[in-house]
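Consider the two complexes below, in which chain A is the common component and chain B and chain C are the respective partners.
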Partner chain A sequence: MMKTDKIVEMGHPDCSCFGSLPYTRDYCITCGICSSSCPVSGVDGFDPRKVVRMVSFGMREEIVGSRWPWICTMCGKCENACPMDIDIPGIIRKIRSMRDRDHVPGILHKGLDTAIQTGNNLGLPQEDFTFILKDVGAEIAEEPGFENFSVPIDKMDANILTTIHNKLVNTHTDDLKHWWKIFYAAGEDWTVPSINWEGTNWGLFTGDDDRMKIMVGRIVENMERLQAKHLLWPE
Partner chain B sequence: MPDKNVLIIGGGVAGLTAAIELAKLDCHVVLIEKEKSLGGHAGQFTCKATDECAKCGACIVEEKIDMALSHANITIYNQARLAAISRKDRFAVTFFTEKDAEQSYDADAVIVATGFQAFDPVDKPFGYKRFEDVITNLDLEKKLRHEIEVKRPSDGITPEKIAFIQCVGSRDSSVNHLWCSRVCCGSALRMANLINTRNKNTEISFFYIDVQTFGKDFQFYYDRIRDRIRMIRAIPGDVFRTPDGQLKLEYYLPSEGKQIEELFDMIVLSVGIIPVGTADGMMEKFGLEQPKTGFPDEEFMRPVAGLFAAGTSKGPKTITEAVADAGRVALDVVHYLQKQ
Partner chain C sequence: MEKFGTYTVFELLIKYIKEGRIKLDKTKVSVKAAYHDPCNYGRKAQKLFGHGFFEEPRWILDQCLEDWVDLYPAKMGQFCCGGGGGTLVTGYDEERIFYGRKKMEQIREAGVTMIVVPCHSCHGQLNALKKRYEMEDLQIKYLWELVSDIMVLP
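So, the complex of A and B:
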């Protein structure tokens, strides 16, 4: 049996504070397959089944103040396994949106502020960004079979415009090479914008709709500016 | 009622019971069964008695088969299928017998006792059909009927650790089965107890949502056996096979607040009871549309006078519930026939 740490006076359950969500969490039959499927359940005791119950019981203060909603990676495996089609990542995002922005975990909060000010989560200046892209491109061109490779920055009328995950121009530059090589081998007509290239939208992950829209709008501007036909937005 | 004819579609425990009850009242009964043998699903179930009767009802089936086979008023056709049915004053029925011979029969009433089908768990994340040692509760029923000590399918060894996973395909909106199948908690726990009684070294883990204790005395049985079974209140997430042929189950253990990976020798999925559809399109022949859940109930059959349904064709039931229901339906049929 589970131990009881303390007894909380619940009063009458009222979950109206969470607003309307797609597929009401009240359909939850507490089967626990979400918690069993979750790749991060058990981290700090994280239990998606309990998150859904806490929302159903209207435990706003407890769940909004908890670390649990921030442990979730929003991968969606729970929702896929759920027999009642409950949108658990949607619930998590809603909970995150209800926290004061100053209390959003540091890296996400600062990263999003930086992105709004500079166009990317790292605050990487445009000339540094293009230098890194060209440098990685030059490394590829040294490999046999890729002698003519170069990175098409701000190319007009390309078939594909691709965004960049900030870690790929920070700690994981080698990961850029794999798909760039595929583009080259496939003869793809592609481009990377030199500004507002950030593909990681922390407005989405922190439940900040307004700033999520700003970030999305900048990508739309890039598409229009460069007249690209298709958007590739890897995240 | 010596001048009355009744057609029964389905030779499971409900069809047999209705046949016997009507035959006792001198009705003439024709029973058609699509399989080679009578008894339906329940006919393959094992007795789950340990030092005392577990009240599973499996023994009732053989008794009903014997009674139906020996009754002069009952004619049984195995491997038969319905060809055509229509109704004016009576039902004009034609069906194919085992040897594909067409047979005609005029019936005053028809009972649909076509039973259920088991949910196919192949699309659930539990490795069914991919790993030999993942079986269903129906597979286990058959095994326990033939094996004194249960053996795992892949290599015939006696499993030391068995996991039962409940509610596979029941209470599941993603497959449109919102109902509880009612019988699986009881039958799985009885089988778990039987395995553990026959071999004390076999550890049973029971993954469940909430134990459905249908029946007035099941709670007492459950209270008696639950300390011998490891009860874990969560449905597992994934099943993998290790290189040495064991099954690795991933699940969240609520009592510890931890994600666990644990090895098992065999996994039993308690699959849901789902409708069989409409007995060779018979309902459509009467202009009845598909019932909402797929299980036709009394209300659904009402527009066609003389058409009845019995047993699990109407929804999940235990063996004893199916027998009781078929007895009551037989009485309804008699009341109907008296008014004709």
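So, the complex of A and C:
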């Protein structure tokens, strides 16, 4: 019979620091299917099963300080494969939210900060934004069949209000044209707000619910201010 | 009480096509294409809202292209491109390029020269990936860009 040399006394791991959500309980059966399904398993020692175990063991400092939660894209492939239906993307986002805001990697938090202060991730002033829109609109009007095209900025009572991804008024202005041409061809009554037009919401990625809600609230404000009937939020 | 309605990009494009408000000419694009399911429109929408947008974009592709295929795996089992969740701007670029290798294998296996996406993050990531995986000839196309490209004006 196999002899056990030593029994490690684990006690009762305390995962309460991760909140009272169901996933913090020990539902994980440690099968490892999540890790096998994950395209980024193995990078920097990361795999989803380890993250779930660390949460179960209450290893807050280690996991919050690690860059694992930030190389995961929260794509949900692991969750879809999990036989216990553990919300691993939710765990990751929760861990991200616990990171000190000054240590959120890259420009994610800084961009959100700028958006909260100025209305968009770039800090682009209103007059520059409307200049870019009109400029791109004038380019469309030069194309055959689009002679009467113009960009309806802050139009009241439009059927559709659309948000704008910041990269489309930064490095990819030509990509503004696809939807605009479709609106024109379809005879749509549409508008773009001149303020708080940002369609991305980086609070979703950093786990910052408060700021995420502020950004969403501003879009609702635009809908109410301009009395638009439908929202298109292509981001 | 609802103060206003919403459209997803799919619903609006389908509405325009079905109501005949835009006319499409399938002969304008003759390349073989594939569709990439973004995580948030597909698997995550299915989990969060009970409806993943899988069939809507495929119906639109049917109106746009003679020759398009699904990647394997697709829909609930698809692979993320590696550009989601804010990873495009975390600075961990090597990691996300490595992450995307499976997506590029899928696309290569499908033998297509165009990949259609309805997501800004996927679009950016796929453009970064094609440079690194020597697939420079692959066209990365927004779904609405494809529609706009083949639109016939009255």
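By our rule, the second predicted complex is superposed on the first by the 182 of 235 C-alpha atoms of A that agree within 3 Å, B and C clash if a C-alpha of one lies under 4 Å from a C-alpha of the other, contacts with A are read in each partner's own complex, and residues count from 1 in each chain.
Quick note on the criterion: a contact is a pair of C-beta atoms (placed from the backbone, for glycine too) under 8 Å apart; a residue touches a chain by one contact, two chains touch by 3 or more.
Source: prediction; values computed, not measured.
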### Query
If you stack the two complexes on chain A, which partner ends up touching A:134: first (chain B), second (chain C), both, or neither?
neither
### Query
Between chain B (first) and chain C (second), which does A:229 come into contact with in this model arrangement: first, second, both, or neither?
second
### Query
What is the contact status of A:107 with respect to chain B (first) and chain C (second): first, second, both, or neither?
second
### Query
Which partner, chain B or chain C, is in contact with more residues of chain A?
C
### Task
Name the contact category of A:213: first (chain B only), second (chain C only), both, or neither.
neither
### Shared chain A contacts, counted only where both chain B and chain C touch the same residue
77
### Complex contacts: residues of chain C adjacent to chain A
3-7, 9, 12-13, 16, 21-22, 39, 43-44, 47, 76-80, 82-87, 89-92, 95-96, 98-103, 120, 124, 142, 144-145, 147-149, 151, 153
### Query
If you look only at chain A, which of its residues touch chain B in the complex?
1-2, 27, 29-33, 35-38, 41-42, 45, 47, 49, 77, 81-85
### Message
Going by the contact rule set out above, which residues of chain A touch chain C in the complex?
### Response
39-40, 43-44, 67, 70-77, 79-80, 89, 92, 105-108, 111, 145-146, 160, 165, 167, 175, 177-179, 181-182, 185-188, 200, 202, 204-206, 220, 223-224, 228-235
#### Entry: Touching residues on chain B, where the partner in the complex is chain A
125, 167, 171-175, 209-210, 233-238, 250-252, 254-255, 257-259
